[in-house]
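Below, chain A partners chain B and then partners chain C, in two separate complexes.
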Partner chain A sequence: MGIARADVEKIAELARLELTSEETDLFTEQLSSIIGHVEKLNELDTTDVQPMSHCAPAGGDSEYAKRDDQVRSGLGQELAVENAPDPEAGYFRVPRVIGG
Partner chain B sequence: MELKRLTISSLHNRIARGEVKAADVCRAALDRIERLSELNAFITVRADAAMARADEIDHAAERGDKLPPLAGAVIAIKDNMVMRGVRTTAGSRILFNYKPPYTATAVDRLETAGAIIVGKTNLDEFAMGSSTENSAYGPVRNPWDTTRVPGGSSGGSAVAVASGMAMGALGSDTGGSIRQPASLSGVVGLKPTYGRVSRYGLIAFGSSLDQIGPFANSVEDAARILGVIAGHDPNDSTSSNVEVDDYVKSISSDVSGLRVGVPREYYGEGLDVEVKGKVEASIMKLQEMGAEIIDISLPHTEYAIPVYYLIATAEASANLARYDGVRYGYRAEEASTLKAMYSRTRDQGFGAEVKRRIMLGTYALSAGYYDQYYGKSQKVRSLIEGDFRNAFAKCDVIVTPTAPTPAFKLGEKTADPLEMYLSDIYTITANLAGVPGLSMPCGLSSSGLPIGLQLIGKHFDEATLLRTAHNLEQALGADFTPPPVM
Partner chain C sequence: MRDKYEAVIGLEIHAQLKTDSKIFCGCSTRFGDEPNSNTCPVCLGLPGALPVMNRRVIEMAARAALALNLNINHESIFSRKNYFYPDLPKGYQISQYDQPFSERGWVEIPTSERNESGHATEWQTKRFGITRLHLEEDAGKSLHEGMPDASKSYVDLNRSGVPLAEIVSEPDFRSSWEAYDYMQYLRRTLLYVGVCDGNMEEGSLRCDANVSVRVRGAEKFGTKVELKNLNSFKFLQKALEYEIDRQIAAVEAGEKIPQETRLWNERESKTYAMRSKEEAHDYRYFPEPDLPPLITAEELIQKLRAELPELPEARRRRFVEEYELSFEDAAQLTDSRGMADYFEEVVRPSGNAKAAANWILNELTRELKSAGIDIAHSPLSALQLAEMIKLIDSGGISGKMAKDVLIRMYQSGRPAEEVVREIGGSQVSDEASIRAFVDQAIQSNPRQLEQYRGGKTGLFGFFVGQVMKLSGGRANPQVVNEVLKNALEG
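Take a look at the complex of A and B:
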């Protein structure tokens, strides 16, 4: 099954990527080719197979390690905004959300 | 002083006895990094911090203090592991100025063990690639032939160790990103069992596949590094509390009676004749040393690449949603609304391969396609894991080639993403099953390029991998020092 240019535009919108026209053309071709390759999985009947959603270590007590839910100190406001492109008084400032 | 001639194992005692100064080792590493800067192995070099750390170790040795196990070992870190206050880019423009407020557990453990962290190494952007050509900071070159790639995505770490800029390094491996560059660059590289090493502070790509592991010039040095970084970490709930073996002790046993599985699916079409020859010669060596060679089958191998490129990209599309220009990194300036700012930041901040994978992952997870692609791939992943469970009922360790060919030329595979993906065909299965894999050099091609052999083990049985690799390394007795560059 191929992927149409309109599909690529829709995926880009979902992924919050403002692609250029050239990128959209290139990805239409390349994603079609990759999806064509993964269609190979349909050769297998997996009706009775359980999905493997995580790699629970099978060597030991197959349980993930757990800890008590204790309160611990976090990063703190000062460090949390230290890397922000546009911090203001300990907050993250962004362009307007509504009515832009 | 030549770092390639030093081992982490011997360095500790020599520094303690005052025969070698950590400062001299560190200076030799820094000189080498500068002299071989054209290889582009490092994104950030910590010259002053590293020298200060070396001086501390020398002072401790002079005082007669007991030195920690990696005292004076010069180690490089792939630039997708955070270090407090040290710029960490993940090879991406989108993190061009990111200075993390915390340190990854594996890096923290190395420092506590006396290692000198010399710098942050170059990589494919967000560890997505098999050649280290996808870096926003330029491609890395292979010291064996500078017209060729070092493999990827941990190409900078592999090259740093191969060319004597560091005695060891950390990489991360999601589909082969430690083992494949180790193979193409002629060093030892180990991807531990999923959960063996904490991922806290590793910039996430595919969270059910990612694992941190060591590069080294010898199996023993890799064992020493693994011993330091392995073990449970309360900051990573997927890190296991299975007891950590004494890896250095374990390598001294022989391989007599060891059952070595050879999976026929890994020796077929697409495998270079010379690679096949060297790996088969190594299998003969193991047999001569008393190992029992067993023909096995991993029947779902051919589905590994499609499964991987659905699961890894789906996880990546979720993990990389956080790069939106709000909390850290790059932000596109000209956007007037929040949504336009997100989309423009991400288009300008990410490179082509990262965008391609985000797009594929978003598609695989999108409404209407989830069951067909992501759901299906999780089921086939179960079948691949089952292949290994069945195989390990018959054998203790599996031997395969690490990569289908020796190092390829820069630019050779960049036009066709699928072609590039195929260079991970033998390494991806271990990530999908969560089992450990090790690559070690086993010979040179007729054109003088290193060839790697892969050992795959049972969950949490790194000890058997390291023991087998050490025995083979001693039997081969070869020197894998690249010819002088320029």
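Take a look at the complex of A and C:
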């Protein structure tokens, strides 16, 4: 299965990427080739294999990687917005997102 | 025209779970703190930060799920829901998608349409299905109004990463009031099991609705419209009502209803379509690689099930049966767990459920309401109220006097007997004293006596009034009735 130009355009839009026509062509070709390579896996019969998306203890451990409900101090307001391009009064200030 | 159609409504409710720290990091969940003061690399979405699951979230979600008859999956999966918005710092929300925390639940609750004055017309018990309850993190808050620069939005990420349970219902509601009653019940249940504070103003409980209309009897659903911004019970009901009317009018006019998201505007009492550009949703869910599958141990589920309190609807039914209360009284008394507990703490020592219900729902509720106090912190304890009811039942004070006594007890926190002594003696119940009042009343009103004996028996009330006046309101009305009747007829 290949990747169509339209797929690349849609993905770019969802990722808020602006691509030139040449870039779109190039990525269509490259992505098709990558997907084609990974497609090889479909040749294997995985009927009885459970999908695995994480490394976790076999059999399931309900205590694995959990924490108690305890408050720990974080960065605090000043540090939190320190590297933001346009902070004001402790807020992240961004272009207006609704109305206006 | 409305009868020709029926509405099909489903609700999505977001309930904030009442933890101290966030779902995947140790930042505080406290409401109202300085903007961005409760943040860390995890909830700010800084590169390399890794989420770690809060154990208490699982416990609370399980309690909610069990209370709503949901089946908890032994293993559930977190997924990334990808979209862009300034209050979502990572560019995705950690949520659950194809293997949620719990599925296939239901509630069976009374519901009723309301008349113009807002009174229930006929309560019926109905079952509403709950598709799922899953876990997710909240996003931050964007402020657009009342900030220094009107051309900007301001983002506060204190709420980012606050634990939410999203509770999705089946499209089982056929009217705005059914949805309203369900939402009320859901809130009450979450409060009963202590997992959410139910505060809609602070956003601890939020509601979206999916609404469509179809010709009554049709099998296919109409196109559904998503309603957002329904953050009070009143808004939910009004917005649904408006939307149902709007859709019926559109269908009648032969228009096609577009699938869209609409916002409720309270000021204008209307719903408005959101700009369709924000509608290009394609969340590209995929399993969250930073979190292992969530394993909910069977032992934990069993333990929490055993600890579950009696739920509001079961308790309401029991109150009707065990205490012979009316539907309305039982419903009001089970509205909160604190109220129901208080009631039973009054009934136990006083043995008088009817009186307990009346005093709690009228005088006490009025006092508490005007002072803005929750019944759990009532200055009048359940035991004190029980003592007062016992005094009435034994004839120690009249019902009329008791109102005064209750207020004084409420204000001073002193026991009933002491208050009664203070306001000038208990009720007079002995026959001899009452006979003296009765004789006096008859003697000073010979004309009325003659009329009464001539058949104008309606004057009985007049004589009762005279006796009460002479006794300073302290005569026991029952004894007065008896003695007076004998004297007048004698």
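Just so it is clear, the second predicted complex is superposed on the first by the 88 of 100 C-alpha atoms of A that agree within 3 Å, B and C clash if a C-alpha of one lies under 4 Å from a C-alpha of the other, contacts with A are read in each partner's own complex, and residues count from 1 in each chain.
Throughout what follows, a residue touches a chain if its C-beta (ideal position, glycine included) is under 8 Å from a C-beta of that chain, and two chains touch if they have at least 3 such contacts.
Not measured: the values here are computed from a predicted model.
In the superposition on chain A, A:L41 contacts chain B only, with no contact to chain C. Of the two partner chains placed by the overlay, only chain C lies in contact with A:Q77; chain B stays clear of it. Contacts of A:L31 after superposition: chain B is touched, whereas chain C is not reached.
In the overlay built on the shared chain, the residue A:F92 is in contact with chain B and with chain C. Of the two partner chains placed by the overlay, chain B and chain C both lie in contact with A:L14.
Using the contact criterion defined above for the overlaid structures, shared-chain residue A:D69 touches chain C, although it does not reach chain B.
In the superposed model, A:S53 makes contact with both chain B and chain C.
Common to the chain B and chain C interfaces on chain A are residues 14, 16, 53-55, 60-61, 64-67, 75, 80-81, 92, 94-97, 100. Those residues of chain B lying in contact with chain A across their complex are 97-99, 101-102, 193-195, 208-209, 232, 234, 237-242, 300, 302-303, 305-307, 309-310, 317, 321, 324-331, 335-344, 346-347, 350, 352, 355-356, 358-360, 362-363, 366, 373, 375-383, 385, 389, 417-418, 433-434, 458-461. Those residues of chain A that touch chain B in the complex are listed here as 3, 7-8, 11-12, 14-20, 23, 26-27, 30-31, 33-35, 37-42, 44, 46, 49-55, 57-61, 64-67, 75, 79-86, 92, 94-97, 100. By the touch criterion given at the top, residues 19-21, 25-28, 34-41, 43-44, 52-58, 74-75, 77, 82, 84-86, 142-144, 147-157, 280, 282, 284, 287, 289, 291-293, 295-297, 300 of chain C touch chain A in their complex.
Residues 10, 13-14, 16, 53-56, 60-62, 64-72, 74-77, 80-81, 88-100 of chain A are the ones touching chain C in the complex.
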